[in-house]
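You will see two complexes here that share subunit A, one where it goes with subunit B and one where it goes with subunit C.
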Partner chain A sequence: MRPLTDEEMKQVFGKLVKYIGENTSLLINRSDDTYCFRLHKNRVYYCSEKLMKKAASISRENLISFGSCFGKFTSSQKFRLTITALDYLAPYAKFKVWLKPSAEQSFLYGNHVLKSGLGRITENTPQYQGVVVFSMSEVPLGFGTTAKSTSDCRRADPMTIVCFHQADIGEYLRDEDIL
Partner chain B sequence: MGRKAKYDEKRKIKKKPREAKRQGAPEFPFEIPSNPKPVGKRLQDDLDKIKAKIKAKQLAKKLRNEGSAEKLKEAIKKLKKENVDEEKSEDNDNVESLESPSNKRTSPNKVSHGRSAKKLKTDSSKEVTEESDQMVSETENENITKPKSKDKKIMSDIKHEKIAKVKSAKKRKKVNKPAKETDDDGADEDIEDKADDTIDNDNVDSHENGNGIDDGVDDEVDGNDDGDDVQDEVHGDDGADDDDDSDDDDEERKKRKEEKIRKKYEDMELRRADPDELFQLPTTEELDQIDQATGFQPTSLKERIGEINFILANFKERRQEGKTRKDYLAVLKHDLCALYDYNDFLMGKFMELFKPTELIQFVESSESQRPVTIRTNTLKTRRKDLAQALINRGVNLDPIGEWSRVGLVIYDSQVPIGATPEYLAGHYMLQGAASLLPVMALAPRENEKILDMCSAPGGKTTHIAAIMKNTGILFANDVNKDRAKATKGNIHRLGINNCVLSSVDGRKFPNVMKGFDRVLLDAPCSGTGVISKDNAVKTMKDEKDIGRCSMLQKQLILAAIDCLDADSPTGGYLVYSTCSVLVEENEWVVNYALKKRNVKLAPTGINFGREGFSRFRERRFHPSLNLTRRFYPHAHNTDGFFVAKLKKFSNSIPVKTQDKNTKKNKKNKKDKSSKDDNESDEDDEDDEDDENVEDSEDDENDDDAENDEDDEEAEDDDNEDDDEDADD
Partner chain C sequence: MAAIDCNIGSILEQIEEKEKEALKSVQIEKELVDLDLGLCLMVDNNPLDSNELRSKKEDYLLNLAKTNGQFLMNNLADLETETVEGYTCVKLPAGKTPIPRALPIPKPKPPTKWETYAKEKGIQHKKREKLVWDDVAKQWKPRYGYNRINSTKDQWVVEVPQNKDENTDMFEEIQEAKREKVAKNEFQRLRNIARANKIKGSSLTPVLPKDGKEKETRDEVMNAAAVARVSTASLGKFDRKLPNGLDKIEAKLSSKAAKASGKKRKFESNFDNIDKEKKRYSDILNKIDKGDKIDGNKALSIITQKKINAAVKSDNEKTKGKDRKSKKGKKAGKRVSFHNRSQQKKKQMGSKGGFKGKSKGGPRKGK
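Now for the complex of A and B:
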């Protein structure tokens, strides 16, 4: 376990900003406790200082996880958010996409969102913007990036992709081993 | 979900244990009450229901005069008692009851006889009884019972007889005469009937009551009553009795009813105990032959199990001559093993744990799956909302019971319950009902530091975190790294962020960190409580496996206690749980911890389940072990489960036990010190794991045996009793 380097920090925040914009600062400047990011086995964890200190007493090879895992650095040293970060992305999300109930299942199997499955979308969402995907009952299902802006979506035909899939909660079942 | 258990519903919980106690196997509802006097209301209700049957039986009985003889005798006893009483009305009632048998036999003819005749008859019968009472009373029962059981079989014959007898009431006397003593009573009575017609009323009455003055009046009253009774008895014996009862004292009524009920049971008993129907216990050679012939046919095995079970329920009365209880149990064990594919060892263990009737229930319910249950994740949703969401997906569910505010039972579902969007969003956790219990017993509070020592796959861990509302610090540990992945998934899915997940050997956890407010130790076990989930347990577990589990559990529980902080303002509690029902993995382990550390048992706070054993066969545990709780699949519809809650009251490791060890067992001391100074010996232990385990296991057994000896000396009397039990 170690603090992130500046380079790594830049990558992590760069990703977060795509989804939650300026709300990223809220993750750092919390009123209840001091929170921090830590790197452990190529994964980035976010937790309170107190918890981090306790976790530090467990040896590196035996420590599996602490706090919330936000994502991992790939072998090419790029940062990728994982589905486990959803708990912090969903409440702060700036742009959202809502799915029709019929399209939920498809998205949870890792498919992109088609126009036919799109229930709602935040006004003025630009193209290639990071969005959090919700069901119509406000349950966060995952996140992705828009393939079309809100205005383009209106004109698109039903089978066009409007949102690229990046992560969904189906991964808890599909990819449990590599979370 | 793996080894950790499955659910239960409250209604069933309440009902089932009573059933198990109250009635044995459903095949044999006719057990004779060992003490006929305190027969409860239930029996009386029973009686009402089968009135008709009894009536028919009694008619037949009376026809044969044996029944009348028996009744006569009882009535005589009552009469004698009544003689002491002054009240006439009571006497009359008794007289009526006395009369009833003879009346019934001859009712068509007797009505014409007139009232005086009847009255006289009863009086005379009393005379008869005075003559033959003693003789009869000694031999009566035997004489009656034997022919009765045979005669029951030829009921049709009796009916024919009945018709004949009614037609020729007077000839009947002669027929009865050559019969046995009991028959003679009836015959005598009949003779007297005739004679009474000519005998002076007053003489007889004075004889009866020793009070001639009131007799004249009484005669008339009696006559009226008798007339009513004749009509009543045409309707039915019991109806007549009930009428009488209304006049009687309560006690009188009770006595009579009890008597009747007892008789009824005796009748049934006798029929069952008929020598022709007696079950012949096969010898071992015969058993082999039968097995080869039938090829372990389930129906024949079940039949035999039922028979043996019936015999064992009242062994004294029903057993075959020359066969011991052991013989029966051996065959029962063989049959159960064959029928349900258990190995001998495990079935033997269960037989030690349960009575035969309960054993069969346990084994049966271990065959079927427990209901699927889920726990609401209170961090993300409420149970009401979750239930609504799932119902909309076509799931049929119900709250788990009043004891839990987060549990739901799934009856059936159109969608896979482990893959709904709600599940993936972390709104609930698939979790057995039994695994809610240890967390409830642990009763975590916010802002505490808690350790879950064997956490995978995280059901209980996430439950604890939910109760703590994501505050404080929760350490989840599991030795198996692969299983820890599932825990990681579950923790994140359920939105828990106060958790540190590690994979350290639980026995060495005190070296990593101490000072926890609460520790949950859901120890790895043989899984004898979750056979419905994993059938392999039935055949794969042997004595060594149990010993190994027990050994590991003892090491873990000591480590868990060492992790606790006794000075914690809110806590200092350890909850120990297993999904095994064996004493070796439960009470024994807790008892061991009580000896080795400064801990005491605390109430679990769970208001159902059975108390743990404070003594088991030859073993004597600490008496406070009754504070622990056991759960069984057949009684509580959960998986077999054990929960104990311990409170640590001092951080120091007691020196006393070490002194004991130095005195008693040097080897043991060495072993113990090596355990305490884990750091130095860690590597060694890992290298020679198997050897170490076996060695120290032996040592501990020795140690325990010695301690038990001490205990046994203290409770000599109890011990003798239990030895007898054990032999049985």
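Now for the complex of A and C:
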């Protein structure tokens, strides 16, 4: 376990900013407790300072996880958000996409969101913007990036992809062993 | 006496019977048996008697093993024997049973550079006899190695060529040439090993650019650049960085240069002052573009609108300027005309911009 270098932090924040914009600073300056980011076995964990100190007393090989995993650095040193970060992305999300109940299952199986499955979308969402995907009953299902801006969505065919899939809560079952 | 005779006869009979019995237990006839005397191996293919196996397993198996062992020994005894140091030995034939290798088959050696070249050109190895007739010494001499033909050791005088200084030690030159040859051969041998093991950028391969015959790989160029970077008096501290567009290459290069300079990577402490860490986080965050992207279309339309406005204004001014021109002197007129030209240019640009704005800004209007 170690703190992230400036380069790594830049990558992590760069990804977070794509989804929650300036709300990222709320993750750093929290009123309830001091929270920090730590790198452990190529994964980035977000946890309170107290928990971090306790976790640090466990040897590297034996420590599996602590706090909540935000994502991992790939072998080419790129940062990738994992579904476990959803709990922190969903409440702060700047741009949201809501799915029709009929399209929920398809998305949870790892497919992109089609125009036909799009229930609602935040006004003025630009193209290729990181969005959090919700069901109509406001349950966060995952996140992705928009393939089309809001205005383009209106005119799109029902079968065109509106939002690219990046992560969904179905991964908790599908990729249980690698999460 | 008769009684004794009788006794002797009966004893002899008894002995004979015993011998017969002993022979009986030794003489065994078996069928369906595979024998490999070379390996002292016997395989009994007869099915086991399941009844006996069930009733008295241990006895049955022991007996079977005993008879089979005897059978094998009988066959071995039939073979040719010889006496070595007082012991009778059996000459075993070659084994028939194929036995799997203990170790995997060795991999073929990777071909050297010469071997690949020879194969490509179809050059085949010609076997030459080792001994050559030496006309001078009037005897056969090895082609190479110790006491070889045309050895430099046999030369007691060497001619100095005309293009060389007459004081050069030709013997030394010959020795030097030999040393160079050996060194070159050793270098090539190491290079072959390196090629076989696909080692790149190690101490075996030169860091400097190659002679142009072989192309450098991307990695090798990178290594050379990294070494060059830290090869200044300040170990590359004040070296210029690559321009902005090459961030990725710069990052790789600097990490390689750091390795080449022998610096170890260092991380922040896990239990550093948390406020300091927080400040570090927010500093980094402030540097990052917050994702409030500039809407290109909107910005363009605003800019073009401004330009159009300016052009319209200048048009108005132009008409005013003309009025002024008629009133004022030549100089002022010139200045005005210049001013007008620039305005015209702006106007053109503005009209162009205006077209762009319309075509791209169109969909935005529909929103």
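Everything below uses one rule, namely that the second predicted complex is superposed on the first by the 179 of 179 C-alpha atoms of A that agree within 3 Å, B and C clash if a C-alpha of one lies under 4 Å from a C-alpha of the other, contacts with A are read in each partner's own complex, and residues count from 1 in each chain.
Note that in this section a residue touches a chain if its C-beta (ideal position, glycine included) is under 8 Å from a C-beta of that chain, and two chains touch if they have at least 3 such contacts.
The model shown is predicted, which means the values in this text are computed figures rather than measured ones.
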Worksheet item: So if we stack both complexes on subunit A, do subunit B and subunit C clash, or do they fit?
Response: fit
Item to complete: Look at A:Y172 in the shared chain and tell me whether it touches subunit B only, subunit C only, both, or neither; answer first, second, both or neither.
Response: first
Worksheet item: If you stack the two complexes on chain A, which partner ends up touching A:S57: first (subunit B), second (subunit C), both, or neither?
Response: first
Response to the item:
For apex subunit A with the CA centres of subunit B and subunit C, the angle to the nearest 10 degrees sits at 100
Practice prompt. Quick one: classify A:K78 as touching subunit B (first), subunit C (second), both or neither.
Written response: neither
Practice prompt. Examine A:G14 and indicate which partner it touches, taking first as subunit B and second as subunit C; both and neither are also allowed.
Written response: second
Worksheet item: After superposition on the shared chain, which partner residues are touched by A:G67: those of subunit B (first), subunit C (second), both, or neither?
Response: first
Item to complete: Would you check which partner chain A:P126 touches, where first means subunit B only, second means subunit C only, and both and neither mean what they say?
Response: second
Worksheet item: Smallest separation in Å between any Cα of subunit B and any Cα of subunit C in the superposed model?
Response: 16
Worksheet item: Which parts of subunit A are touched by subunit B and by subunit C alike?
Response: none
Worksheet item: Which residues, counting only subunit C, touch subunit A once they are in their complex?
Response: 251, 267-272, 274, 277-278, 280-282, 284-285, 287-293, 295, 363-364, 366-367
Worksheet item: Contact residues on subunit B for subunit A in the complex?
Response: 389, 418-419, 421-422, 424-427, 449, 473, 475, 481, 484-489, 491-493, 495, 497-504, 512-513
Worksheet item: Okay, in this complex, where on subunit A does subunit B touch?
Response: 46-47, 50-51, 54-55, 57-59, 62-69, 83-84, 87, 104-105, 108, 135, 137, 139-141, 169-170, 172-173, 176-177, 179
Practice prompt. Using the touch definition up top, name the residues of subunit A that touch subunit C in the complex.
Written response: 1-3, 5-7, 9-10, 13-14, 17-18, 21-22, 24-25, 28-29, 34, 36-38, 49, 52-53, 56, 94, 126, 151-152
